[in-house]
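Naming follows writing order (A, B and C), and every chain is counted from residue 1.
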Amino acid sequence: MKSLPTLVRRDARNMIIRPTFLFYATGFPLMMIFLLGLLSQGFYSGPMSSWDVVAVNLLLYQALLSCSMSTNSFLERTLKAPNLRVLFAPVRPLDLLLSKVLASTLFCLGGFVFVFVVLEVLGVHLGPLCGLEFFGMIAALSLASSALGLWVVCLVQDESGANMVLNLGIGILACTGGVFFSIEHFGPVAAAFARYSPFTWLREIAFKIIWNGGDSMGCIATMALSLVAAVAFLGAARASFKTEDFV
Amino acid sequence: MSVFTAVFSTCLKRTRFLKGQLIVFLIIMIALLEFAVFIGMPTQSSLHIAVIGDVPSLASGQTLSVTRLDCDSGEAAIALNRYDLIVTADSSGKPSVLHARSESLAKSFLALGPASSSAPNSTAGIVTAPKRGMASLVLGYLVIVILELGVVGALLLMEDREWKLTSRVAAAVPGLGGYLASHGIFTFAVCFLPAFILIVAQGAIMGTGLGLSVASWVLLLSVTSLLGAAFAILVAVVAPDADQGATIAQMIIIFSTLLSGSFIASSDQGPALKFFAAAMPQKSLMDLSAALEDSGSAIRPLIVLGAYIVALILGAILVMRGRLQRGSC
Amino acid sequence: MRDILTVDNFSKSFKTGVAVDHLSFSIPKGSVFCLLGPNGAGKSTTIAMLASLMPRDEGRVFFDGTEVRGRPARYLSSLGIVPQEIALYGNLSARANLEFFASLYGLKGKTRADRVAEALEFAGLSDRADEAVDNFSGGMKRRLNIGCALCHKPRLMIMDEPTVGIDPQSRNFILDSIRRLRDEGTTVIYTSHYMEEVEEIGDDILIMDHGKTLAEGTLEELKSKIGDLRHYRLELDAKVPGLDDAFYRVSGMKRVATSGSVFELESLPAIDNVDAIIKTASGSGRRIVAFSSVEPGLEQVFLTLTGRSLRD
C-alpha cells in the first residue's frame, strides 16, 4: 500500500504528458458536443437547446469510455514494460492494478472538470449548482468504467484488443440507448433494445436531475451501483491478472 | 511490376493479422446496413405527442403517435426524445402545449388547431427530418465504415514505415511508385469488397433493390473506396507511427462525416454549417448517390470527388518523394 | 562462505512443454554466477521463478538460508532485476526513471537523491541525466536499465541477457560494471547465450539446455570435462556431403561436427594425425580455406555435451 501514491502519481503524469490523452479527455468531447449540437440545432429550441441535450448524452458516453484510459495506461506499447517492471519491487499486484484505475479516473475527472467549466461558461445547462449532482454521477461512472477497462485488458492481455472490444460494446449500447439518435420509435423491437440499454436509464436519470428538478434516488443509486461495480471489476481484474502471462 | 506483385501478395498474407479489426468493422457494417434499410421503410410516425388528460381531437395514426399519460413527465421526456410535444387540454378542451422540443414545432402544432378535428391525424406542414432515398440513406450510414476500413488497410503501410521496411524497399528498387500503388490498391480492395458483397447479398437475400442497380452501386462504392484509400495512404505516409496515424485518421473521418451531414441529417443548417458541409467530400458522395437515384446529373459531384482523390494521391506521392530524397522513408 | 541463494528442484511446464526440469544450484555470496544456454533453454523462466513473478510447479528457493514463499517484501527488496527487455519510461528523463523505481523500494528524500546520483555515475549517464530516454542510444538505454535495478543497493542482482543488441563499447562497460559490483560484494546472476561474455566474467557457470543442467562448475572445471582432446577447425570453400564419414576414418578421430563447409574436429592427443586430416580434406577436391587448432572453450564444452553448437 505504501507504494500506491507513488504509482498513482506516475501513472497520472504518464497520461498528462501525452498530448493524445489530453486531447481525448478535453478537446475531443467538446468538439463532439459542438459538432453534434450544431447538426441538431434546429431540432431543439426554446428553454432547451440542442447543446443542452447533446452535452448530457456525450458526457455520459465519455464517462463510460474512461475504460480506454485505464487500458492505455496499463498496457500501451511504450508503457507496458516499465509498468510491469514495477512487480520486480516489493509492490503488491493489487496496488499496481488499483493505481491504474485511480490514475485513469482522476485524469478523466480532470478532463470532465475542464469540460464542465467550458460548457457552463457557454451557457449549457447541466443542472443546479453548475451541474454538481450530474458531475457526481459522471465521476462514479468513470470509476466503474476504468475498473472495467482494467479487467478486460487483464483478460485479453492486449491493449488494442481490449479497446476494440470495449469500444464496440459501449458503442452498441450507446446507439441503442439513444446517445446519438433515438431508436425508441422504430418499432417494438427497437424500443425493447432501447428500454434495456443502460444508457437509456442513465440518460433518464441525468435529464430528470437537470430538467425535472432532481432525481436524488436515481443519482444515489447510480453512484452506489457504480462503486460496487468498480470494486467487483477490480476484484475480477486481480483474479485474472497472472504475472506469468505478462512476463 | 515485380515490386508491385511482391508487395501486394505480402499484403494479402498479412491480412490475417488484420482479421480482428476487419471482422469488427464487418459487424458494424452489417448492423448499419440493416438499420438504414429499416429506417428507410415508410412506416414510421413522424410526430410523437404525449397527452395529459383528455384531448379527443388527438389520436394515433399513420404519421402521428399519441401516448396518454396520467401526469406530466417533464422536460426530461422531451430531452430523451420520447415525445416531441407534451400537451394537455385547456379549459375549453383545446390542446395546450406544456413542453415542446422546439418553439417552431409548438407553433406549427397549435396552428393546426381545430382543423385537426377534420383531419385529426394530419401533420402536414410540420417539418421534421428531411427524407432521403434508400441508396443515399444506406451510403450515408456506410460511408464512415468504408472510410475507416481504408485506415485498416493502410495500417500495413504505416507499420512498414514504423518498422523501417519502407527504407529497405527504397534501398532495393529505383522508386517507390509500384510500392505505393500496391498498398493503394490493396487498401481500395479492403474498402470496396466488403461493402459491395454486403450490398449485393442484401439485394439477393432480401429482394430489396436498395435504390440503385448493381452497376450504379459499383460506381458509387468505387468512388467512395477510392476516396477512402487515397486519404488513408496520405495519412500513412505522413504519420510518424501506426498508432498516431490510425488515431488521427479516425478523428478526421468522424468529424468530417458528421459535419457533412451524411450520417446524421441536419434539418436546419445555418450558413456556416452549410459552408462546411459543402466542403466535405462526403457531401459530394451524397450528392452523387442522390443524382444516381433521381437520374440527375452526376457530373458535378464526380468532378469534385475526382479532384479530391487526385489531390490526396498527389499529396501522398509528393510527401513520399520528399521523404525518399531526405532518406527518411 | 555461505551460499546466498539455493535453488532446489525447480520445475515448470507450460502447454508447449517442459521449460525447467528439476533444476538445482547454489550461488556463493559475492560471486558472478552465469546461466549459459541457447535460446529456449529455460534461463528466463528460471529467472522469472527466482523473482517470484512466476509460480513454480515444483521446487524451493532459499535466500540467505531462509525459504522464500510467495512474494516476501524482504526478499524482493534484496533483489535487483535487470530484465531482458528495456523497461523504461521513454518520455521521462534518466533521473526521473531512477527516482521512480527507487521510490518503489521505499527510498525518499536525500537518500534517494544520493542513490540516484550514484546509479547515474555507475551507468555513465551523469551528464545525460535530464534527457528523455527516447533520445538515448541502445547501449545507453541498457546501462540505464541496469541503473534502475541498483538504486536500492540489492544484495543479489539478476541480469537477464543485458548485452543483447548493443555496441561493443557499451557491452564492455556493462561487463566492467558487473566486475565492479562483484568487487563491492554484490552477488550477480548473469544469463546469456554468448559464451565469450561468460568466459570473461563467470566465477561459476551452469550450462543448461531444454530446462536441464548439462554441466556446472568453474570455467576450468568445465573445460576439463571435455578431457585432453585436441580441437581443430577446418573450413573448405564449399559444402562436401559425406566428408565427415571420411574424417571419422582418420586414426585418432573422436568427434566430427559439421556446420556447412566448416568442420569441428576432436582428436586424441597421442596420435599425430594433422597430415591425415589435411590429406582427407584435399582428397574431397575442394580448397582448404582455413585450418587451425582451437583452444577448448565453452563452445566446445557445449558441443561435447550436446553434439551441437551453442548457436544452432
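The rule is simple: a contact is a pair of C-beta atoms (placed from the backbone, for glycine too) under 8 Å apart; a residue touches a chain by one contact, two chains touch by 3 or more.
Predicted, not measured: the structure shown is a model, and the values here were computed from it.
Ranking all chains by how far their C-alpha centres lie from the centre of chain C, first place goes to B. Summarising the inter-chain contacts, the pair of chains with the most C-beta pairs in contact is A-B. The geometric centre of chain B is 58 Å away from that of chain C, both derived from CA atoms.
Once the centre of each chain is set as its mean CA position, chain A and chain C turn out to be 47 Å apart. If each chain is reduced to the centroid of its CA atoms, chain A and chain B end up 25 Å from each other. The touching residues of chain A, counted against chain C in their complex, run 2-3, 6-7, 10, 14, 17-18, 78-79, 81-82, 84-92, 243-244, 247. Within the complex, the chain A residues that touch chain B are 20, 28, 31, 35-36, 38-48, 52-53, 56, 77, 161, 164, 168, 172, 178, 180-182, 184-187, 190, 200, 203-204, 207-208, 210-213. Contact residues on chain C toward chain A in their complex (touch as defined above): 48, 51, 53-55, 71-74, 76-77, 79, 81, 83, 85-91, 97, 100-101, 103-106, 148-149. Interface residues of chain B, counted against chain A in their complex, comprise 20-21, 24, 27-28, 31, 38-39, 43-45, 48, 65, 74-76, 78-82, 100-104, 106, 243-244, 247, 251, 255, 258-259, 261, 264, 266-270, 273.
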